[in-house]
Each structure stands twice: as C-alpha cells, then as structure tokens.
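This is the structure I want to talk about, given as structure tokens.
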C-alpha cells in the first residue's frame, strides 16, 4: 500500500476553487510522482479534505524543507490545516489495558509479525493481569491501580510516562477506565478507543447485556477518538456480526471480541497510515 | 424449504423435562415424519420454544382433528402457548404505504413472481401517490388521509376494512404514520414495520439525518412487530451496510432503501413461514 | 451524489508525472470547482486512472467546447483514453430477459421511482413470459425466440432494434442466452450481465446446483461486462450471503435472487454514473 | 454456550420416522433435561442428522454407561453413526505452521485467554521461523524440514509424535506443505486446513495473485477438513471481505489474513464444540 520512501500530506481547509491544482502543481514542480490522491468536499460544511502521497525519489526538496516550502507557498494562501508524514517513519504507540486480552494479543501479533510499522514502548494496565502477556512479547508493563481518590494523580503519572517515551498514539485496548480531560487534552485526536457496541446504540457500560435485553439481531463494535463526552467521539471504524436468539450474553461477549479486535485494528491501521482527518466530530477516512 | 402438505407447530411454554419427547412422540405415533425441528431454551427465562414441521402424507389425523388432539394430550399438560399452520395455506396480507415506493415494488415483485405464497387483498395509503403502482399490479388501493383530528376515526375505518378482507398480517411498508393502540390491539404481533435505522440507534424521525450528523460508518434497517411504544417492538430482522464520509444524507437515503427492502422482506418471509415466536419483547426466529 | 449540472471526465493513460496537476489546472483555469476527484495508479501496469467531476456553474467553456479544448490541450499530450459526460444527461438502457422476473422488477422499480436517471426504451425477451411485467410498466416488449438455427439472424435483428432506439447500455437481467461476438462487438464494455455465482467459482450453467454439491457456506453473484469468453469479462460488482446445510438448491435459488438483483443494480448504477473504467480485463470502479 | 457438565450426542443415519422421538425419549427416561437440540434431514440424500446436548445433573446413567446404553437401545436399531462427548473434556490439538504467524497468534491468544477449552501439547513447523512464538507461549516446537526425498519419512515421524501426545485434532495454520494420505488416513475428518481463497475459486497455490489477476471485488478464506484431493475437502466455514482496484497483491495478502484467522477460528470452535458432521464431502454445522 505505502511505499517505503514517500511523503503524505493531510489537508483540510475551507473549500474554494484551485485547491487540487495548487497542491498537485507544488508536487509536480519539484519532480514528485503522485502515488495516491484522495480528495473530498463536504458541500454542506463547505469544507475541503485531501490526502496526497508522492514518491520522494528524485524529489527536489529535502524532507526538512518540504514543510516550510508547502507552508509558505500553499498552506497559508488557502488557510489550510495540514500535516506531513513520511511512510518510513515509525510511530510510537502506547497501549492501555485492563483484564481482557483479546485486543492486546491481536495488536501485539500484528506488530510482532511485521504487519504494522509501529513501536510499542510500553503497556499500561489498571490491573496486573496482563503483565505476563506484555512480558512474553518483551514490552515493559506499568500498573496504575485506579481509585476514585487517586485517579487524577495516577493519570498525571501516566501522562508523564507517555511523554518520557515520546508516545504519538494511545490505544485503549479494552481499558475499563474512563480517561479524563487531563489526558485527552494532551493527546487530542490521538487516543483511540474500542467500544463494544454499534454506537450510538448501547453507549455506556455493559452493552452486550443491553443488546441481549433489546433482542437485537446484530452486535457491533465502534472505534473512535476519545473526547470528553463519553462514547461520543469521532467514529473511525465500525462493524457488526449477526447473532440470534440462541446467543446468551456470554455468547455475545465471545463473538463480539472478534469484531472488537478487527475494528480496533482497522482504526489503528488507518491512523498509522495517515488516513484519518477529523472535523465536526466526524472523520474522513481516506 | 416448506413442502406443500406439511403441518407446522409453534410452541412456547415454561421449560421442563420431556417436552421434546412428548411432542415428537405425538407426531410419531400418528405416523408423521418430521421434516424440520428447531428447539430453543432460554435458560435465564426458563422458557422453552419449539418449531416442528412434519409431512402430512399418511398422517393418522385429519387437519381439523390435529389441534384438538394436540391440545388435549400435550398442550394442556405442559401449559403451552401454541399455534398450528399448514404449509399450503395462503395468508392474507395488507400493505400500508405513504409516498416511497421501494418496499412496495419489492414486495409486489416477490408476490407476483410466486416467490411468496401470500394474497394481498388491498393496499392502504395515507396519500394517493402510490395508487398507480397498486393498480398496475391489479390490487385495490384505499386512501385514508390522516390529520390530527380524524386519526382515530380513519384508523377505525381502516380496521373495519382489514376485518372485511380477513387480513392476517399488516405490513407497514414505509408508512409514515404512527399507528395507535386501537389498530395494534386488533393485530397483536401481526403488524410488521420497517424502521430505517439499526435500532435502538436513531429511533424516531429522520434517522438518516441523525446517522449523518453522528458520522457513523454503517447504516441499517430494522424490521419489528409494532407495539405501543414507538420503534421499541420485538425485532425480527436487522441488517446494515457500510457508508463513508463521501455519502451525503441523500446517499444514505438511496443506499439505505436497499437494506430496508431486504430486511422487511426477510421479516415478512419469516412470519409467513411460521418461524417467529415472541416473548419478553424479543423474538425467536427459527 | 451527482449534482445536476456537472461534467465528469473519465481518463486512463500511461502513468507519468504531472497528470493530476495538468487536468486540475485545466478545470481551474476555466473557473470550475472540483466536486469529486478520484485517481488511481496501477504501479505494476504503470497505468493511470482518474475520474473528476466539476460544477459547470460559471465554467468558462460551453459543453460542446469542453471536449475539443481538453483533447487539444491535455489528452493528446499525455496519450489519454478519455470520455466526458454530463450529470444531467439521461442514458438509454435496454433490458434482455428470459423467464425470471426478480431483476426486472428491481430495475423497473428503481427507474419508476426516480432512483435512477435512465430511460428504458425497450425490453427484449427470448420468451413471452415477462411481457405482462413490461406492459404494466408501459415499456415496449419484443420477443426474439432463439434456436440454434436462427441465433445469428435474431441477434442481428436485436442489434438493429437497439440501434434504432439509440441504446447506450444493454443489461442482461437473467437473460438465459449466450450473446455472441456480433452483439458484443457493437456494445464493447456496454453490456452488463449478472451471473448467479461468485465468479470465478461456478462459471457456466446451474451454479446453484454446483454450489450445493460442493457444500459452500456462501453463495454469491457477479456483475460483469460481457466479453466473448463466457463468464470471464471484467467484474464490476460482487456480493455474497451466508447459507448452510439446511438450504436446498431451491433455497439457494430463492436467497440468491436477492444478491443477484442487488449486485446487478450496483453495477448498473456505477456504469450510469460514469464510475467504471476497464483495463486488462479488470475494472476500476470509482 | 456449552454448560460445563453436559453430554453431547452427534448422530447421522438413514432417515426414518421416529428418530427424534426415540432419542429424546432415551434422554427423558433417564431424567436428562435437553439444553440444545438441532436436527436436519437432507431429503435428497434421505439422511438424518442430529446434535443433542443435555444436562448431566441428576442423569440416571454414569458417563461410561451412556454410550453402551445408547448403542444397545437406540443406535443399533436405527443403524446410526454416532459419537458422544462431554462438555467438560479438554481435547488435544496440534498446530502445523510454516513462516506466517497470524493464524498462530490468533489461536494461541484464544487458548491462552481461556476463550477455548483445548490443550496444545505441541506445534510442528516445516521451518524454524515460528519457534520463538511457540516458546513465548511455553509450547514445545518441533521442526520437520521437508524435501521431496524425506517427505514420507518426516510425515511418519510427525504421526508418531502426534500419537505419542494423544492428539485429537490437527490444525494446519497456514502450513505450506501438502499433507499426504499417510497422515490424512490417521486423522480422518480431524485435520482442519485454512485455504486463503473462497473455494472452489482459486484452489492451489498463490490464490491472492490469481484473485488480483481476475479482478475480483471480494476475497475470501475457506476452512475445510483435509482429504486426499487438494483443497477439495468438506468445507466447514467461509467468509469474504470487499476489496477494490486500489488493493495490490500485498494488500490482498494483508487484508486476507484477517479473514483467514477468523474463518479458521470459526471452524476450530465448531469442531471443538462437537458441532460438525460430515457426509457426501459436505458438512452439517449445527
């Protein structure tokens, strides 16, 4: 999908004529060959979104110079919000877990096998339960027991640890604690959660019990960026699977875990590959 | 699926030992060969459900005598709620519509082509819009304009018409009116509605607008029996399809129509084939 | 999705630097605002594909002049294969049918309800069976009985009729005859067929019987452009649904019809909306 | 799903009247309460299939005596092929792997987390590549390098090892070697393979390359029992996912791995829970 030496621009700005022409001309004039270009206009919001990836082989600007040049010649002119990334960079991702291991195993298996280019410098748990899993993969595990009394303090310590490890992305891999604005503010649109229902149905605790009580014929999972309003952040990925009257709550839990781990993996993959733009509490996933 | 000369028993009762043995022995002793048997126990509710279909060829009892015999020898002993139907009977189904035709065309096409064994004696609309569709299929169309003032009166007239036509099942095929307890009471668990969202998400009006505003990545449809609480009746069938940021509300409406008509068709088919049992505001769909 | 007054360019050419920049600059310089742009590079084939749609409001060129200007200034320079269409044009589509009506009803319902902007000037059948359906929708129906002896002659007559009605697109809506190179040559990449299996599995006749014999757990349908090699043309859309051991061949036929009509509708919609490019016997569906 | 102290009978036999009545009466007379009963008749093959699970609490026969009693009083009379299992038994499963780890990680994560009740006494590889994965989970790993010359000999050694560990089930978790009749004969309907295509499409080597060349819009995976004819054994589970023109062969491989591991897990779970019956090279999966 992504070549190892390419640059990726993610852009959003007010819609206007000439945006695509200006960006693609910038790349062309420096000798770049466009590998992928996705563009979207939200007509109602009059908002423009673009992801463009080009081969850096023979490109006229050094990596460090691209951002400056783009900012001066294009971005300011069109009032763009933008970011640049390089396909060969390796982001640093922290995992938060509780007692359930299915998402953790799935993520670690993907990283270990080389499916994803990402480094996991640490795993944080609010219980010790999954320490052996972390250790079997050679990843440091830090336990932060959380009580009503120590929550703010523990979260501050978690933030310090994340900063110390230069973490780019935080993944709540079935972390059964609500994170607060303190942490969210430090990692704006960089904390991904997996909720075990098809949001907005069954937000909050015990969604499989609620799904069983309502007698739904599908259960789902939703991966979203964490915002201060619980289970209401921008949705990155969702999926469902069919269930029926034979499925007890325990069956929903067991079957749901497969959807949870797949949907979370899709969201992480999209984020790591610079495919997600957020606006109006929604996402554009290129 | 269903042989043309078979009997189908639908049973629910408190769970206890010997239920399957008693029912299957009843059938066996009269020389019936079981074609399909589905059984379910809801352990939590301690409730037993069963659907059994057997070949009537060479069966020892006349059709009229089966119900009496089953009631006396089996049903009373186990305190069963039950019904019997015959695969060669042709139920009578009324359709309620408003202005949108996709579900109507889908249903009429299935009936006309012989996919379903059902008779449609009449179609009721709260607008005249779809009269030509009904007429092109040769089905009488009755318009009942509904206002806040005449609603009870019009519904009473609709009920009279349904009774006059010996209607067994009412299908709200995107009928944009809320039906009241007056009608629901007459057709308990025999009014099927299609709601254009994955319930319980986006109950109420304009679900596609709500789905777009929330930025969901799947949209769905839900078919359910109508109860007095709006959009909260027992769910019979649900399905979803993937959408993305490129889909405007108009796209959600267009794409959603395909799910709506399929999900409604699944629910109707299950009902017509005696596959649905209702308990605790949920369904067992065998 | 598609605004009513927009132009759509579909382009394919050898990949090279500056393609997107050149096309978007052409549009920008005439004052066009890009509504949708999709671009794809097949790196292995070194081939470039693009679909761009822009608002014609205030555009500097008349419709008739766009093609000439684009050809002279852009297309020739880059050796492009291209076509232009306008969102408010109404293509003319002919349907070929045999005895099964599910795809026919589905298509006619979509057209009649206004879901698709297309005109159906005629329906051709190799049997009379579906004449009443065509007539109930007010569409002329022509029967061409086909035998081994008269096939070439009848197909020539069909072609004459299609030409007389200025048909742009031919849809084989479960037409149970193999069309020959005579017809295919006249409508290159403009004949869409629906095959009732997940191709390349179960090509040829009686795919549901073959699927049942093999014991597959999914059945599918495939919509493709017709080429001279049977069931081997470029695939436009495919989908599947789950089946199980309880499903007889008759059940597979019944359930499969829902997939068939949906997949065929997806392919037709993509074609009508200028979303399909063909290369190397494959499709790019934007 | 499965209670911890229940018995499960899997039965197949020629269809005849009274089968369900006889089996359920046998259970009832010993005081057993039926938890789940699934029954299927293949009318064409005139074959009967049944899975029945009942609570052993208060059952009148000791575990050892059930088989004898059932055989004498029921099975012989109806010429049944049957097996009995107990929900609290822990089967022994061996894994065969090559170099790809996604299925291996998925299976080991499910076992380690307690999702499945199964013991894995050993993992066999034809390469050393995945030895560290096995060891990080504390499972003995045995390497059997295979050449054309030593294949029969190595397979004989594998069989000896499997017997020594009392292995009940062999799972080929992306094992890139064809196993021969020597091994298959020892584990009839007890070797599960995962093939990375929607069989029968793309049987044989390099299915993702073939799928890309054909331009399919879905890719799939198939889990089946291994028989001597390559990729032609009874299918247990299949699934697909949507792909498009943007997906290179490398993308198909990456995306396909998610389907492979899910489909293989479904098949293993069904087998471990005594849900699969094989006949006519097909499966009944209750």
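For reference, chains read A, B, C and D in written order, and residue numbers begin at 1 within each chain.
Assume a residue touches a chain if its C-beta (ideal position, glycine included) is under 8 Å from a C-beta of that chain, and two chains touch if they have at least 3 such contacts.
Please read all numbers here as calculations on a predicted model, not as lab measurements.
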Checklist outcome for this item: One copy, chain B, sits on the other, chain C, after a C-alpha rotation whose size in degrees, in steps of 5, is 180
Checklist entry - Could the interface between the copies chain A and chain B be described as same, meaning over half of its residue numbers are common to both, or is it different? => result same
Item to check | Intercentroid distance (Cα basis), chain C paired with chain A, Å | outcome: 37
Checklist entry - Where the CA atoms of chain A average out and where those of chain B average out, how many Å apart are those spots? => result 41
Checklist outcome for this item: Residues of chain C that touch at least two other chains are 36, 40, 43, 246, 248
Checklist entry - Where on chain A is chain C touching in the complex? => result 15-21, 24-25, 27-28, 31-41, 43, 242
Next on the checklist: Going by the contact rule set out above, which residues of chain A touch chain D in the complex?
Outcome noted: 1, 36, 100-102, 105-106, 108-110, 112-113, 115, 133, 136-137, 246, 248, 250-251, 254, 257-258, 262, 265
Checklist entry - Which chain C residues qualify as touching chain D in the complex? => result 40, 42-44, 49, 198-202, 214-218, 220, 234-240, 244-246, 248, 280-285
